[in-house]
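Several structures are given next for inspection.
You will see two complexes here that share chain A, one where it goes with chain B and one where it goes with chain C.
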Partner chain A sequence: MKNLSWLTKVCNELSFLKTLAGVNLAAALAYRTSFIVQVVGMLLNNIVYLCFWILFFDRFDTVAGYEANDMFLLFSIVAASYGLSTVFAGNTSGKLAYLVAQGRLDYYLVLPRTLISHIIFSRMQLNGLGDLLFGAALYLTVASNMAELATFILVVMLSALFWSAAMVMLGCLAFFFGNAQQVATQGEGSMIISATYPIGIFSGTTKVLLFTVIPAAFVGFVPTQVVADSDWLLLLGLAAAVAFAWLFTVATFSLGLRRYESGSAINTNM
Partner chain B sequence: MAIPGSFAAVEVCGIKKTFQVKQKTAGLRSSFSSLVTPTVRSVEAVRGVDFSLPTGEILAFIGPNGAGKSTMIKILTGILHPSVGTATVLGITPWKDRKKLAYQIGTVFGQKPQLHYHLPAGDTFKLFSKMYELDADQYKNRRGFLVEALELQDFLKTPVRKLSLGQRMKCEIAASLLHDPKIIFLDEPTIGLDVVAKQQIRTAIQTLHEELNTTIFLTSHDAGDIESLCRRAIIINHGSVIFDDKIEVLRKKFLQHKVLTARFSSPLESVFAMAGVAVADQTSYALTVEFDTNVVASELVVKNIFDFATCSDITISDPSLEETIHEIYTEKGNEL
Partner chain C sequence: MTGMYASVRKYWSLTSVNFSNQLAYAAETVSRGFFILVILFIFVQLWSAVFTSQGSTEIAGLTLSETLWYFLLVEVLEIGRSKHDMTIAEEVKSGTIAYALVRPYNYLGYHFAYSAGETIPKLLLLAGMGLPLILFYAGLPPTTIISAVAALIAVSLALLLNFLIYSIIGLAAFVVEEVGPLRMIYQKLVFVLGGLLLPLDFLPSWLYNIAILLPFQLTTYAPAKLLVDFSWNHFGLTLTLQALWLTIFAVLLRLQYGSAVKRLEVNGG
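Up next, the complex of A and B:
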């Protein structure tokens, strides 16, 4: 193996991930109708949810201190960051739990790449593209200036990284519980639901849970406050939370991998 | 630099692997009781295996289902940690330095394809060139060589889902050789293939071995793969090595026994009889005989059957691996 500098290794990894994303997209585009249905379906799903909030704010001015624009900003950040995370890193949560429980990590283990990034970037969730487009479009309806747009893009990227860490963590449960596909999928659903409501509606204990066990605050409330208040200190806090989430996830994954038992299932690399 | 033949590509010493397997009897009541008090049993998949594989050799690592072959391959490729023992592949401990080893080995799992199902094999080749960090010239030359050697030109742009099993397996082998590995692990590369495709795969493996001197670790249930490709075989059963010698020894001692099945277009009027040939089964339209090629040549048996009645179909097969293993145990028992 070649002796490469740290920077070259990072460039090689990024180059590989770019090619992997290209291959995934090419595989997705092989079925045009399915591609369109998934993207448009998710767009419509989000539009229906948005209509509910439009009707709500037609009758009430605020909910837990959030006005319509705050709610739309929250929803745009959650949708765009979740979409960005799942469209590129699609093998997380229930899908990762399935791969672990079925012993299907063998394919990745015999190849010379960083295991977590190779696994999670090996699948695209096309409906995530619908979320991403919807989130971006919704933000444009409440955007105030270019500086805020730049902050929005930054927090969406940080929140997407947080989503990925949390969903890999959920997938890792399969190393310890065996069949954890349902638990992981339910956990993902809980995070989505919790993130899309103003944090003010939750009480003390629940609020603590939203910063710990179901860390939805880091993909909803915190990034929304950063954009709304241009709070740079909170932005640093969000970045620190992302770094901590990934360190914790990588440590859990490494610990779980020692328990991995492979399997004899017949695989197909889709 | 290692001199071919003087350096062990694989060294295995006292490898054991134990799995914890949950036990449950059939029925709903048992399912509930196992929730409260789960019963776990230790299963020894590999029980103290030792062997060495010199560089440039083709080794057949064979055994029946559940013998421990796949577990051994998974340990040697870094997928599984052994419970006890040491092993090195190209001087690297697989489970400690998986990534470093992965640059130098190739793997083909017959039942676990690496190619993207919906895309042409060429797309996976491109992805693998990035995966193994090949530069553009290396990739172009290597791909050109493999496409020519494995005759992939006609279907390289066809989505994998549209390929025949034989074509797909050739592309799998090409993908695993793109980075010029020093050793390749082939786990059942001919599984599910027809006779023609099997022969094509064997020829391709033989050609690549001759051209590149790649060390090959082959597991297969097919005696044809083993006889046509390998010079040495290790037979594993119940996690232990029961035979480790040259293929000639295996062939001479255990693979001489053949089973011939013939079907006839008109009813048989008499019982088939021939010196050195045992009739295993005979019906009005079919005949199964067993013989040892050390005692009587296959050609002679076939000629006698054609003379015996009007034959519509004829098949000659090797004894199953289970029968061979039984023979090996019998032989060992006689020696003791």
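Up next, the complex of A and C:
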């Protein structure tokens, strides 16, 4: 009976998040031109970086053990997972830090919903759709078989969960340091840029940082290895890292919430 | 003569006001500069790996040290450039440009002077932040007094060219309202054809021959290349192309500004 009640809660939560995503999408489509511009803009942005890597590998066949196809696989996983994360859970990182610093969590606190998921799913970052489409399309250029495609989809979902945890964590900095919007945004940028380069170019100490302080390896190098080598043990490791990242993030969020100070501003969420 | 002196003082005061603003919020300015360290660190690692894997001390005429100093200058120029196009676009969209136009200064002159007050300290700060990192990995700059002076001249003209191009983008708000995509397209062209991600020397020769004639490289690649690998030929070509593109964009901006002011409709009070 207790198990059933737990299951009902999860189903209710998922149904709520689905409705939230539907409402966000409908709101986004109301401004169709802006929607198209953001998606196409991000596609274009990624295409430019792809051009860079094409030109790079045209000149240098290999760098740090990576060839062009390895780089495309890495790029596709990072883009697709980041896109999947931000397109649904868009209220993270700098945006979450802003809400915390401005005391704008009050709106969410009074509603009978799971706080953390309600906050982060309340905003969609439309340009994330451009990343997601680009990542998927790029992967298809290097895909080898259906089993690998299934692994790709799985690791993209796991990496997206890791992205969300990391970006909520960045937003949580505002609980402890006040105005952390700038730091959170730069942290997000640093993680993106660190994830999109071959890990082999970094030295030992930097590699340790990429698995800890700026955990870009869990959204770039690790998922890429899982797909490239069909390494199931590493897949389990990635899943464990995602679980740990979320436990750590939720604990930090709960701790931070005790320090939260309500704002006196009246705001309406539309 | 007195009028000209007064005019210079007027615009100089705009520059110094914004310069003071940057110093007043120094901590924020420094925190914004943190990102350049991440980018430069990754480029140091990437290009060190490339030179190691190639097993040579030179690629397309550039050593590793020259390549790293090159990236310091192009990143400083790109990250530190003026963002006045966003202000112009916002003023056009909100209609506040109408108030700016009746003030006793030239609208574009105001933006030039005001953005200079932001750009100069920002460029110095970014260079100061990136310098220790590049010194540590690349050693002393591979430069001479002549190449430094040549690069400085090219940087000054590059900033002017950037101002003209981004003013055109900002004023495009009169026609397209949302200028974000235009800005992004231009930036991305600078990324690839301006040598921001890859020095043009590393491009295939057919693409190099095209890119070298376009304006994108004149704001990033050209000054940086002069700093690390000076030649009189390249200096002459850079100055000629900068003069040519400055003339073209100045004419375009003049025409666009004249037409934009005529289109201005002021509603309400």
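Methods note: the second predicted complex is superposed on the first by the 263 of 270 C-alpha atoms of A that agree within 3 Å, B and C clash if a C-alpha of one lies under 4 Å from a C-alpha of the other, contacts with A are read in each partner's own complex, and residues count from 1 in each chain.
FYI, a residue touches a chain if its C-beta (ideal position, glycine included) is under 8 Å from a C-beta of that chain, and two chains touch if they have at least 3 such contacts.
Since the model is a prediction, treat every value here as computed from it, not as a measurement.
Superposition note: with chain A as the common reference, chain B and chain C can be accommodated side by side. Looking at the shared chain after the overlay, A:Ala251 reaches neither chain B nor chain C.
Legend: residue contacts after superposition of the two complexes on their common chain; A:Pro112 is shown touching chain B, with no touch to chain C.
Looking at the shared chain after the overlay, A:Gln186 reaches chain C, while chain B stays out of its contact range. By the touch criterion defined above, A:Ala150 lies against neither chain B nor chain C after alignment on the C-alpha atoms of chain A.
Shared-chain residue A:Ser194: touches chain C; no touch with chain B.
Of the two partner chains, chain C is the only one touched by A:Phe52; chain B is not. Applying the stated contact rule after C-alpha superposition, one finds that A:Ala64 touches chain C and leaves chain B untouched.
In this overlay, which is a superposition and not a single complex, chain B and chain C have their closest Cα atoms 6 Å apart.
Chain A uses no single residue to touch chain B in one structure and chain C in the other.
The part of chain A that touches chain C in the complex is made up of residues 34, 37, 40-41, 44-45, 48-49, 51-52, 55-56, 58-60, 62-64, 182-183, 186, 189-190, 193-194, 197-198, 200-203, 206. Chain C contributes residues 28, 31-32, 34-35, 38-39, 42, 45-46, 48-50, 53-54, 178, 180-181, 184-185, 188, 191-192, 197-198, 202-204, 207 to its touches with chain A in the complex. Against chain A, the residues of chain B that register as touching in their complex are 19, 70, 74, 77-81, 98-100, 102-105, 107, 109, 111-119, 123-124, 126-127, 130-133, 159.
Contact residues on chain A toward chain B in their complex (touch as defined above): 1-2, 12, 15-16, 19-20, 23, 26-27, 30-31, 105-107, 109-114, 258, 260-262, 264, 266-270.
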